[in-house]
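Down below is the structure, laid out as structure tokens.
Chain naming follows the written order as A, B, C, D and E, and within any one chain the residues start at number 1.
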Amino acid sequence: MQRIGVFVCWCGSNIAGTVDVKAVAEALKNEPGVVYSANYQYMCSQAGQNMIIEAVKEHKLTGIVVCSCSPRMHEATFRKTAEAAGLNPYMVEIANIREQCSWVHKDMATGTEKAIILGKAAVAKVNLNAPLTPGESPVTKRALVIGGGIAGIQTALDIAEAGFPVDIVEKNPTIGGKMAQLDKTFPTLDCAACILTPKMVDVAQHEKIRIFSYSEVEDVTGFVGNFDVKIKKRARFVKEDVCTGCGACVEKCPMKKIPNEFNLGMNNRTAIYIPFAQAVPKVATIDANACNMIKNGKCGICSKVCTAGAIDYTQKDEIISEKYGAIVVATGFNPISMDKFDEFAYNQSKDVITSLEFERLTNAAGPTAGKLLRPSDLEHPHTIVFVQCVGSRCASCAEKGKEYCSKICCMYTAKHAMLTRDKYPDTEVYVFYIDVRTPGKNFDEFYRRAVEEYGVKYIKGMVGKVSPEGKKLKVQASDLLNNKQIKIDADLVVLAAAIEPDKSARPLATKLTASMDTNDFFTEAHPKLRPVESPTAGVFLSGACQGPKDIPETVSQASAAAAKVIGLLVKDKLKGNPCVARSNELMCNGCSSCERVCPYGAITYEDKEFRMPDRTTKVRRIAKVNPAVCQGCGACTVACPSGAMDLQGFANNQIMAEVDAICK
Amino acid sequence: MKFSYYPGCTLKNKAKDLDEYARKSALALGVELEEIENWQCCGGVFTTAKDEIATKLSSVRALKQAQDKGYDLVTVCSACHNVIKQTNFAMQDEEFASKVNNYNGEVYDGSTKVYHYLELLRDVIGFDKVKEKVVNPLKGKKIAPYYGCLLLRPNGVMKMDDPENPKIMEDFIRAIGADPVYYANRNECCGGYVALEDAEQAKQSSNRVSNNAVNCGAEVIVTACPLCKYNLVKNGSKIPVIYFTELLAEALGVKEN
Amino acid sequence: MQKVSREILVDKAISLLNQGVVKAVFGWRKGEFDYDVTPAVFTTEKDIKENFVFNGFCGANFSKYLVAKTVNFDGKILVFLKSCDTYSFNQLLTEHRFDREKVYAVGIPCDGMADISKVKEIAGDGVSKIDFEGDMMKVTTLYQDEPVEIKLGDVLLERCYNCKSKKHVAYDELIGEDGEVLDSNRFDEVAKLEAMTPDERFAFWQGELSKCLRCNACRDVCPACTCEKCVFDNPNSGVENKAAANSFEEKMFHIIRAFHVAGRCTDCGECSRVCPQNIPLHLLNRKFIKDINQFYGEYQAGEQVGSRAPLVNYTTEDVEPCDVFKGGEENA
Amino acid sequence: MDNNLLKEELIRISGAKPVKCMSCGKCSATCPAYEQMEYHPHQFVNMIANGDIEPLLNSKSIYKCLTCFACVDRCPRGVEPAKLVEAVRLVSVRKQGNNHLTANDIPQLLDEEIPQQALVSAFRKYTK
Amino acid sequence: MQVEEYKPLIVAFCCNWCSYAGADLAGNNRLNYPADVKIIRVPCSCRVNPMFILRAFQRGADGVILCGCHPGDCHYTSGNYYTRRRMALLFSMLDYLGIERERTRVEWVSAAEGAKFAATMNDFAQKVASLGKNKRLEDLRCKK
């Protein structure tokens, strides 16, 4: 028989406001096995934990039930407490009387009654708990960073600096990501290239970093410390180690009318191309869909002009298998499609552009060499209208756009408006805003400068319709402060398109079994306390894949993720989860049902000799679980017809005891 | 191919052309339109009020009749189409439908498929097929399609096309051999029934549309709505405004017979 | 199809035994009456000649016996398998329940086996002797002067009327020619139940299952129930229970029993054959088979060795649990 | 009627959701009848949300809305302002003697070309 | 005599990674649902043995709901796909035995769907309450 201590937490008024904690402690005192019961304001505090430790010693407790917040919050805390008190940490069960009781029920009587039942279920379970010892597994001391934007670059550099090898997988031909496309950065107006490209070079030159550009993650198996990853290196038809990046091929390529992705299609590139001058790796890539040689076998000019002999039209996609201890997701963002917002005429006029396109228009390396010219006729625009919140902050019932605030638009629009007025004082610049959101260091000051020093006209209101007519864009908008509908003949309209996670994130999350929210942003292990970890152990989050972020925030989070990865990789061994499946060999039929449902291949079979009661021996096929590989899902336990397979920590009799306690 | 057909009051009176050319063209395209028996006026506009059922009964009866006959329902007039389609959508709400059904004494559940004539051309016949049947392609004619508000909105119900950048009429114009003129205000309101008591308001709205079309190089405006046509013409459109069915009939060579 | 007779089987058994191919023979041993034949192992020619029987009451499925008998047996065992038995035979092989090397399987043709209770319904009580002549049986009873003549086809076991296959899917040797997979109507009764209202279904099953004695015969005979330790005998399983006590007890027992064999049950019908209360237990198993066929595509357990049972398999497009009732309604 | 009751009535009739409004003003930005309206679509939403409904009931603005649904389709919050305007109008015209248009008004409003559609629509919108 | 309002007893099995987290999120957002719902945490929906469900009914539960990650999003890759098959067959069987369909349900609730969790529980509790006491599966011997 266990000697169980019950500890009921008030969580200040969070629990005690709706649950009579004293009554709960009192009621649970009479449950079988319970020898001690107490309540306290904050069980998770040092004082609360000490109280548990004291009680364990004083009452010789063998099991602990904490009635408190969700086990997802403090189960680990109380397990450590138990360990400190000399108990096996797995002799602790949590009754979730906050998230699943006090916070969702209104009156005291109901809350208390339910809390008691949840407590009883936990007591019933602890009665059947057994000490568990986690197995250990070695850690592969190499990290994988998926995505080579500023987030991935920073994470990779930080991990590599700590001495661990890092591989970056980038789906584009070059690393650099969105930041490489930007002109200046707010609020200090550094040139993005000036601060990014040195980092890109650092990455390229770092002996601990390998870059797999033009590559994608194909498959991920394994678990924290021991991931097996297959990386698909797409054929770029250029030998990376031979190409010198001289650009002779690009110059001579006859296929010159391919929309240039780097400039968002505002100009053209050739079929063989280097995305931009500072690309890393600086190697050419052949766009197989555009290359005449690859499609029809006719051309081959690039091969002729390449003095290094780097062109290889027969190159095939290559699969690289590598082991990693940790994986960092840094897949970033994209502006959303403007198709559902054509009241702004994005699809009807070349002179309605997104803010990212505006970045390229003002970038010295962009399609207009940095001169602000409107795309339709390359004339200088005199009246520019910026529209904020296009597709952001949309209610789900409006069935278009995103519900969240994209966070970066207010600041980059202020930057665009300011820079335009600075460079071209003859332009009129209007910004239509709903709210201006500038919570950041020097952010509001920056926005005010745009208004006060640069004369940008901020108008509170939204644009309702943009009608291209002749050379003008007729903008109809509301000015809420003056209660007027205003009409502006603009030359250029810039839409602050909402941002969304990259489309590759969803399939990647499935491969990683990492969870995502409804917007396809990766979910953190805890929104406040574990913001750079995914709930899947060993998978970390860096940058905008977790939520909209500006550059300073992205870089901080990238470094934070790196710190977490380093903390993992310095360990030689990892303690596993002891809640794994175990087969009772006496009951096992050897039928293979469990093996077939195991997603990890953790189950194997062996022939074992059994001594029978009549002193004969009998050889039977029985299942064996590899505890280092088993992740503890429990699929096998249900597939097993005889019940030989059970899950430690969530055993059949434990769950049934909980059922019984609830249904009493 | 046979369909139930709801012409509507204006098509029996001031907009006989719209109806006549629709029928002739349908015949030429091998589609039989069977007029709903004893149809009643749709009321011109859909009453959005959730507590009104009387204003929606005539549409429900037409929809129910089509369902009983086993046909999909075709409309031409933008207003009728809007009212019938919105009513049909409202009938998919069980609570609302039960009130209406109690009143009408027969059960209808909003499941009749409603096509606008343009949708019939696009989705059932196919613009490719229309193109094959064209005998007088209207070559070089610069035509501005005018959707107005009724065909496209509310988009969640009408689901005809992209409400902000539609192309069904443009494709139609291409199918009959002419050149569509893109202009942004093709989905803005002409002023509608307000014309009756506030001519100035209607004028402003109409001019906003027709001027935009003219400035974008149009020679003629086509519409599916008698009231749109009335407002644009009445308020001094600088170019002619005609029904899309007339152009179709002309292109198919059935205008005069 | 060549008719099989006791003589053919005895000759086959003796010759294999004498050749040393097998060291033992599974067969049917004579009982008190002609109809209560018992599965038995024969190891001598003499025993076979004297006690081996084969008649219209040899319905038992030998597959399951192989699990226990082959384990410590040195040498091969001869087993006679009807077509329906071969499916169970394969299913057990799929689950690694016995060593195929230790078995010599001889497929035998079958036109269906008789149900003694149906015979007694016609001939009356006190059956003392049954003589088979081709398709006919002459039944002598204590209370009637003349033997009653009954056509075998009129008194078949229920499962034989809905025989799913005359094809043998596993054998080392076949007596006679092989048959075909049949187009049976075995799901008709399930569909009939599905078409009832929930209240009618509840009443039907309550009526049937409340007759259960918890004798465990259905489990003991079932070739899919070969667990080393059955959950119903395991005090730690939470469902251990030896006796019937309450109507739910049977329902729980029978749902779990049927679920445990779902996807593995070959529909051999032994459960219903042995039920002393004549509960149509096969209708539970067949419901699972019907659902599996409908939701996940046709699957016949035991058709192929090594096939993946539906419950340890999946597709990403599987039907949602909330949609499973729709099938039933369509049939209704 | 009590303003709160009136507000609930308007929300019930319209099925619209003024509480979802984030005051971006896009409804008014897109409204073709803006110039003719004393109270503009965003004000309808805001005033109804605040229970300030009397001025709306007495304003000519309720007869200026064209029910063109531009505000409904373009609202990023799914508020459906046009339905609110219609609800206010209905609350007004449903009152005894409060029809905005009567049969007697019609002859002087007619011209040769005006389609029936305009008449029935106006009656639908303006009278009960 | 005062008639007590009938309160159904509902057991909810929630997978640790999605649905249990979704239930926590419902709590974080203070979204109400009936206290009749009692949650049992399991690592994955595929840990739920049909025996547990029958056990709950036997002991007097009026409804049992199983919540897991959306198909394709299982933390263990494929656990919920097995759940889907097992429960499809089990529920169909219970229906076949004349047990009310609304007493059992499988719902996919992600960690982000706190609102869906609360809405699901409200709806399920209401449906189960409208069926009344579970008489067809309860084993009266299990009651004191």
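FYI, a contact is a pair of C-beta atoms (placed from the backbone, for glycine too) under 8 Å apart; a residue touches a chain by one contact, two chains touch by 3 or more.
All values derive from a computational prediction rather than experimental measurement.
Touching chain A and chain B at once are the following chains: D. Graph distance from chain B to chain E, where chains that touch are one step apart, equals 2.
Among the remaining chains, those touching chain A and also chain D are B. For chain C, the chain whose average C-alpha position is most distant is D. Inter-chain spacing, taken between the CA centroids of chain A and chain E, is 30 Å. Between chain D and chain E, the centres computed from C-alpha atoms are 46 Å apart.
Inter-chain centre distance (chain B to chain C, centres taken as mean C-alpha positions): 68 Å. Chain centres here are Cα averages; for chain A and chain C they lie 55 Å apart. Touching of two or more other chains is recorded for residues 50-51, 55, 72, 78, 82, 86 of chain E. Residue positions 188 of chain B each touch two or more of the other chains. Each of residues 231, 237-238, 311-313 in chain C touches at least two other chains.
The chain pairs satisfying the stated touch condition come to A-B, A-C, A-D, A-E, B-D, C-E.
The part of chain A that touches chain D in the complex is made up of residues 343, 389, 391, 393-401, 434, 460-465, 476-480, 483, 485. Chain E contributes residues 9, 11, 16-18, 20-21, 23-24, 26-28, 30-33, 35, 38-44, 46-52, 55-56, 59-61, 69, 72-79, 82, 86, 110-113, 118, 142, 144 to its touches with chain A in the complex. For chain D in complex with chain B, the touching residues are 12-15, 32-33, 35-36, 63-64, 66-70, 72-73, 82-83, 86-87, 90, 101, 105, 109, 111, 113-122, 124-125. Of all residues in chain D, only 17, 20, 22-31, 34-35, 40, 42-43, 70, 74-79 touch chain A in the complex they form.
The part of chain B that touches chain D in the complex is made up of residues 8-10, 13-15, 41, 43-52, 55, 77, 79, 149, 152-155, 163, 188-189, 191-198, 200-201, 204-205, 208, 226-227, 230, 233-234.
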